[in-house]
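In the two complexes that follow, chain A is the common piece, with chain B as its partner first and chain C second.
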Partner chain A sequence: MSRRNLRAADIRVFSEAVRDFFAATTSESAEVRSAYVLEGDEAILWNDYNGLIEVDGGFSGCIAFSAPRGLLSHVLLRMGDQEFSDANHCDIVGEIANILSGSARRHFGEGLRISTPTALPGRGPCVPRPADRTAYAIPLRWNGYEADLVINLESCG
Partner chain B sequence: MKLLIVDDSMVMRNHIARLSSDGSLPEVEIVGLAANGRDAVAQARRRGPDCITMDLTMPEMDGEACIGELARLLPRARILVVSALSDKATALRAIRRGAHGFVHKPFTEEQLRQALRELMS
Partner chain C sequence: MQPKLGARARNYRDLVLAIALFLVLDLGVLVFNFYASGRIAADTSKINASGELRMYSQQLTKAVLTLAQETRDGMPFQTSQAQITESYQNFSKALTALSERQDANPLTRLLSGASIEQEAELLQAVATYWQPIDSALAPVLHAMSRQIPPDPIDVEITVNKLVARNIRLMQLANDLTQHLEQQAMASTRQLRTIQVAAIMLALVNFAFIILKFVRALRQSDRAAEAAREETEEILDTLREGLFLLNRDGTIGSQRSASLERLFDRELRDGERFAGVLGGLVSAESASVAMEYVDLLFHDRIKGGLLGQLNPLDEVALSQTAEGARETRHLSFDFAQVRREGKVIALLVSVHDISEKVRLRRELAGAEEQARGEVELLLAALDQEPALITAFLDAAQAKCLEMNEDLRQVEASPRAYAGMIDRQYRAVHTIKGEAGLLGFGHIEREAHQVEEELSALRGRRAVNGNDLIPLAVALNALRQQLDRLREISAKVRGYAGKPVLDPLDALLRQVERFTRETARDLSKEVEFEAVATPLSRVPPALSQLLREAVPQLVRNAVVHGIESADERLRAGKSAAGRIRVVVEPREDDLVAVSVWDDGRGICADTLRHELVALGRKSKEEVAQMNDREVVAQLFEPGFSTATAVNRHAGRGVGLDLIRALLTRLGASLRVSSQPKHYTKFTLLVKA
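Coming up: the complex of A and B.
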């Protein structure tokens, strides 16, 4: 994999991955809005549950899916789950991050190594962001809930 | 057909179990759910599954290593990889180690059922 910074086409891959996840898993499309750059010290993670995948190999950083409890409860319900525990909410937010990272790997190539997901419950700036790294947020709306995919990657080259 | 489901996500294990046992695949009997490769190998020894769904990114023993172990342990078992890691190189490696099919996450209910039908046919 060549080493370079993220381009618009790279960001689009993530937007499409979000659409694919909700369409395939819940049979209901998500409205995915335009990506924007996170400015200054804006937190990378800030919602009820945060699924985090660490990435290295060509690009390094993390990919995170950050969502309110209600959204994840409804995803669980659509998957036929009847148990709305903290453990299941952490599990599904991590699995969504994992699935979105898989799309990144298909796009960037197998040189991109992705970790098993870490689920972080609770609001707050959970992940420090280097000041010189550009992070992107892709906001989405599904079933009346707002959530965000955050891409915090930079080329290792 | 005895089915073992292997995935580090409990929600995903249960999801696959529900889709496999809702009556649309009457020949399927779920004999185990495993959260990592080591647990999968241990359960496979005890329960002798005919079919296995296999995640790839898992702690302790990952899916690729587990496929190799299971292919040696149960050479007649059919292994369906169900993973977000569905790039071509990963799929080829899994097939070389002994997998028989590949479904990429996210999947629709029908995509998973169809893949299981093909695996069992």
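Coming up: the complex of A and C.
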């Protein structure tokens, strides 16, 4: 993979993957809101539950999906699950991280090394973000709740 | 291929030999049938003749006895004489016929063997036994032939001979008849056996032909099936699209499976290439491509020579949906398929070259980036650090605001539309200032943001996904600004650059910007800047000179100054004149005027354009006075330029000035005389 900047198409792959996840599992698509750039000193958005994949190879960095507990509880409800445990909430963000991983592999090719998707509960310490690496944040609104998708990738050349 | 051809020739040779044998056998049976039927007829004739010997011997004996009686009684003997003559002649005739029909045919001899000899012996015995009778009858017949009564002694001798020999003669004739009958039956059996054998052979041969033929057919079918499977495997495996384009314009039924993926649609048998292409590329590209295809079907044209003219060598596919990720590029290659010198079809191979195009563009982008950095460095060396800092502070603040706007904007089409307009004005300012300072790379990045905004303006309903390219373009612009700040800091580290008067520095930027714009548009312009020295440059004036004056100068070059030819025809000098004057006024104001000797502002022309652009109806413009019409120049989106380029066409220039003046509390006056001049005067607090 040659050295190149992240393009709109690279970002859109992930926003569409998350949107499609909501459409498939809850029959209600998530509304993708305006993307923006996280400023230099801003940390990657972190919420009640966070799904994360780390990437190395042609691009390095991470892709994270974070959502409040209420959003995920409603997703569980829509899926017919009555048990609103931490584990079940984590499963949802883990599944989304898994989908992001598949999308990254399909879009960027096999040359990309992708970590096992991880699901992290709580607003504990988030992954560090180098200030000189652009991070695009894409808020997604679903059922009145707001989640965030952060794409923090940089070409390694 | 040679062994296959040899095997095929051998198969055909065997088949031809078998058919020839079948025909020979059939013909043999036919000929043998002729022979057999002839022989049966001959046997029948002999049997009849042999029977006649017996009959006529009896008749002759009876007639001779009658003659003897008649001779003794002195009675007339004519009747018996006639019977004797007839019997004698018929007997002799039958005997002769039998002797003559002794078969000399070698085939008959071969088939009959000893039976022929026995027949000859029996016939000889009859003849030997007949001979004394024949001798005795001779004087009697002689007398009769002379119509005189035969000598009774001769008659008596004859009677004695006949009576003595008739029984034996009849016995011999009977034996001969029986022998001939047995011989005929044996021959018939023999012939039947031969016929059956020959027909059996012919049937066996026929069965052989059928088996051989069926086997050859099955082999041929298997070979054809294997070839078909091989072709299908190749076509299913090929990554590139492959198909035959027939002379009637249809796509052949044999095509690679990847073709539908490349075309992103299903293909029906017999579908026309023109229709498929029309759905893939722009109407203009499809039309040019079909002309090229027609050309390739000309028998006298060599396809290789036309390769360079192929309009589909690299073609961008039309976006099929608004959400389509990236433009795909395909490459079509055409090769003529000839038969007997005539082009019967075109073999078309299709490759997806999107990655190649993307890489090439990225390479070009990387080169452009490297050039841009050098350009930034050179421009930074040539600028006053204070001006760069002021530009960077303002531009980065605007970018920050734009990013914040993206973050905070409410998710609704209306809010998005408002944000797009705000961003447009902001980035247009950055672009203008970057151009003024000679930061071409930043100007181009800002132009790219404008392009994205322009694309969004054209959409009916904008959603969040559509805004991603804007965030990316904005980020690229910010990165360029960051880079300039780094370079500027380094340049500032070097000592000793003389500091110009800030007002002079600003006017020098305007002058350079004017010359660059004129050069880009191939116009001749003489620029003059007149400034009354000021104790200090107020921030509002500085901002006017950085943001508003360049827009006005740009408008003067683009819209005001005519081409050299037009100016000469109008009695003006070939080079247009632009003058920027900065002068303090008595009422604590500073006036900045931009004057040009171009075509001026014609209210009637503007009325016409307002109607043509659909911004106003004819009735509305008719009711507007000239001042109101000219005020429309400052409305968002109004542009009289016919094409969008770096310098004109989006209709945000004067709209932006109006917003700036409002923000700074400044005022504007416009004076103009059609065909002579236009003058914009900006008044701002000192």
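Methods note: the second predicted complex is superposed on the first by the 152 of 157 C-alpha atoms of A that agree within 3 Å, B and C clash if a C-alpha of one lies under 4 Å from a C-alpha of the other, contacts with A are read in each partner's own complex, and residues count from 1 in each chain.
In this section, a residue touches a chain if its C-beta (ideal position, glycine included) is under 8 Å from a C-beta of that chain, and two chains touch if they have at least 3 such contacts.
If you're wondering where the values come from, they're calculated on a predicted model, not measured in any experiment.
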So, after the overlay on chain A, do chain B and chain C clash or fit? They fit
Query raised in the report: In the superposed arrangement, which partner chain does A:32 touch: chain B (first), chain C (second), both, or neither?
Result: second
Once both structures are overlaid, the C-alpha centre of chain A sees chain B and chain C separated by an angle, to the nearest 10 degrees, of 70
One more residue to check, A:114. First (chain B), second (chain C), both or neither? first
*asked:* So in the superposed three-chain picture, is A:136 touching just chain B, just chain C, both, or none of them (first/second/both/neither)?
replied: second
Contacts for A:94 in the overlay, against chain B (first) and chain C (second): which applies, first, second, both or neither? first
Query raised in the report: Who does A:12 touch here: chain B (first), chain C (second), both, or neither?
Result: second
Smallest Cα to Cα distance in angstrom from chain B to chain C after superposition equals 13
Contacts from chain A onto chain C in the complex sit at residues 2-9, 11-13, 15-16, 19, 31-37, 39, 134, 136-141
Interface with chain A, chain C side, in the complex: residues 323, 325-326, 359, 362-363, 365-366, 400, 403-404, 406-407, 409, 411, 416, 419, 463-465, 467-472, 474-476, 478-479
Within their complex, chain A touches chain B through residues 20-21, 24-25, 27, 76, 79-81, 87-88, 91-92, 94-95, 98-103, 105-106, 109-110, 114, 116
Within their complex, chain B touches chain A through residues 8-12, 14-15, 18-19, 57-59, 83-87, 89-90, 104-108, 111
